[in-house]
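Consider the two complexes below, in which subunit A is the common component and subunit B and subunit C are the respective partners.
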Partner chain A sequence: MTFINYASREINCKIVYYGPGLCGKTTNIQWIHEQASPEKRGKLVSLATETDRTLFFDFLPLDMGMVKGFKVRFHLYTVPGQVFYDASRKLILRGCDGVIFVADSQRARLEANIESIANLATNLKDNGFDIRNIPYVLQLNKRDMPTSAPLGEMERLLRFRNEPMIEAVANKGTGVIETLKACARQILMDLQRN
Partner chain B sequence: MDENLREPLKQMIHKWVNDRHQAILEQVMLTWEEGMGRLTPDAALLQKIQELLEPPRPPEDPFPDVVSDTENDLGAALNLLESSSSQGEVLKRLLEGLQPFVERSALFVIKQGIASLYATRGFESDMPKPGAPVVPPPELEEVIQCRVPFIAMPGPAYLALLTILSGFEAADVCILPLRLRRKTVALLLVDSGLRQVIDHPNHVRALAHTAEATLSFLAGSKEDEKTSAPVEAHPSMPTQRIPEPIPEPALPLLDSKIRANAERSARVLVGDIELYFPNKVTQGRQKGNLYAALRDELDRSLASFVERYTADVENHYHIFYQTVLQQLCDGDVTKLGQAPWSPHN
Partner chain C sequence: MGKLDLVMFEEEFTQLQEIIGRLQVDSSSKVVFLVDKNGQQIAASGDLRSIDATSLASLTAGNVAATDGLAKLIGEKEFSLLFHEGEKDNLHISIVGKRGILVVLFDHNSSLALVRLRVKKASRELQEIFEMVEKRAQSQSGESSKFESPFSEITDEDIDKLFGD
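So, the complex of A and B:
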């Protein structure tokens, strides 16, 4: 739920990076953190395991400029990708304004992507959202991998509502900012409409 | 009359009247005293009066009519359990019968080493999910394996079961196994809720044992029905028939779409293990102890699978197990080691 502070003229929005294990969710926000100027970014908080895998979530506050006299701040979250951390994922989705689904393009992970989208739909529903109308972007990550599935096949399997679909190589920064902008745009448009 | 005679005559009559009067008074007093003497109560009358005044003593009866509410509740609960006509009914009635004695209670059914929530009483209505699985921690495993009779204090076992029931930890707890033919088939969890202690722990134990006995009786009745056909006697036949295990219910039909989803979920769960723990997987394959090396990960993944597709599906189709076997063990069962949920156990 977007939080608008009229006294300090701030709008706070929550974007959640969702996807299967090791698809590149943390890599996305690490890239954003590295690229954002220090005065616009907050501290990147990561609760990770010993092997640097996301245990609970990553969190990055990011200022995105002014809209109609209000300072817009996005809070970026990632979820743990492993299937059995479902309770954490459900909790992190609470009060979100938009979702970026990071799909792993490797053919061996196609099923994991499908499973994760199904899980996202369930968890959004449990939080009172509908996956068909929440601000949503599909990012096809790891497009540089030799084992990546063709774009058309991925679109057929994973795209279900004509959402923005962006090819990415997150560890090189390709498509990362575009993905974030595409989601932010939908959230702000929603905000304007409502 | 001569005045001189009048005075002595007058005195003589007065004296006579006084004497008579005195005699009459003495006679009245004697009669009164005699009468009063006759009214003095004797021992027999006093005994009778005492008997009448004292409340009747209750008869010396081993089953007195006047009993406490707790006794009545226990009796009602025992009657309820003993009149159950199916094993499912026994479990439901056990929770019903326990209501007067404990604040909160829950039953978990044990299948292939996993405890699945069966029914609850007293827990928050929106929390418990029937069928929700719990992978038993070692402390609970001791109870399931019949190495410990029960658990009577909060600890890892209680917390593991409580996770799917409530966020509130009670001060007093009891976890009891329900066993059938020396095998734990269910776990009963009771706790004191907001109170400091469970008021009637022995009543709880008594009811759990009665439920066990009723389960055993019903299982025996089923076998009797099956084997009621006359069996030809043989000199070498044992005199006491050894009961066969209760047959599994007929294989439920699994919708092809659900089966495909279940198989995909299992592949993704096992795939996650390969992705996140490649070193453990390699070592486990080489040493033939994949389960020992990845116990937590495999148990948690199975719990996720069972939560979504139910323990029945896994028990009948072994989808998760087969996926582990094919994907992690390259089809070689010896690489897995001793997994409690393996159908070969």
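So, the complex of A and C:
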């Protein structure tokens, strides 16, 4: 749900990074936080466990600049990936404008990716969204791992609506901005249509 | 799709700002925020310099959402009021209408009783404005031709520019 404020001339959009545990959701937004200039980025808030696993969410506000005289601000959220945090994941999807699914390319995690997409579909539905038409990007992360599955196989298993599919190595920044941009494009084009 | 964008125009924004400004003075509090349930700040009043308002908005919404989850687990619809007591500063968080959260930050210059009293009155006024905004959004979604959106002409170049390409 985009918040458009005509008084302060601001558009606020919420983007959620979703995916199985340890797939690199937090790494994506940490990299964006490190790279963004200080005047663009807000504070990165991480509600994590002592071992740095996401407990509730990470949050990063980003001021992107102007579109049609309006200041565009993205609010990036991650969800906790572990299966038992499902209640929290559902809450964080509330009012989202777009979803980035971060898939773990390692062969051993293929099933976890599929389960997580199914879980995303259910949780989106519970929030009144349809995974088939919400702005959505598939990021294939950890492409540099020797155990990663071939691109074609991942596409066949995980891509279901011709969504933008981006290869990434989030800890090196590869594909991170492209992913965000692909999602932002869909959200802003949605605004145009609506 | 189950989403309706929150669109706030100058007039409504000024009214909201006026109400929370008055609430901040009447309740002798330090800062008052009005936050959307999805974590976006709508309006604020008071000394904001020492506070990261964006994080506060996001965390408050997360807090309310988690508490909502707890409420449902025990068969309640929601907990309409949360109070956090600190050594010096306290947070009074209350739900306004369907989508608003009112956050009052106060210290020893005020009291919980005074804040509760003032919040009650302000909430009613805020709720009326929220209802107005919602009604307008619904009527506009039905007859989109009346409302000329400035975003109808967003181009690929506009989006590239945001990312510095």
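Methods note: the second predicted complex is superposed on the first by the 194 of 194 C-alpha atoms of A that agree within 3 Å, B and C clash if a C-alpha of one lies under 4 Å from a C-alpha of the other, contacts with A are read in each partner's own complex, and residues count from 1 in each chain.
Assume contacts are C-beta pairs under 8 Å (C-beta built on N, C-alpha and C of every residue); 3 or more make two chains touch, one makes a residue touch a chain.
Source: prediction; values computed, not measured.
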{"item": "Residue contacts on subunit A - larger count, subunit B or subunit C", "value": "C"}
{"item": "Partner chain in contact with A:Leu188 - subunit B first, subunit C second, else both or neither", "value": "second"}
{"item": "Subunit B versus subunit C as contact partner of A:Pro150, first or second or both or neither", "value": "neither"}
{"item": "First, second, both or neither for A:Pro20, with subunit B first and subunit C second", "value": "first"}
{"item": "Of subunit C, residues touching subunit A in the complex", "value": "1-10, 13-14, 36-40, 42, 52, 54-55, 58-59, 62, 65-66, 68-69, 149-154, 156, 158-159, 161-163"}
{"item": "Subunit B contact footprint on subunit A (complex, rising order)", "value": "20-22, 51, 53, 81-84, 86, 108-109, 111-112, 114-115"}
{"item": "Of subunit A, residues touching subunit C in the complex", "value": "1-8, 11-12, 14, 42-43, 45, 47, 56-57, 59, 61, 64-65, 67-70, 72, 75, 77, 87-88, 91-92, 94-97, 127-130, 133-134, 177, 181, 184-185, 188-189, 191-192, 194"}
{"item": "Sites on subunit B touched by subunit A in the complex", "value": "264-265, 267-269, 271-272, 275-276, 300-301, 303-304"}
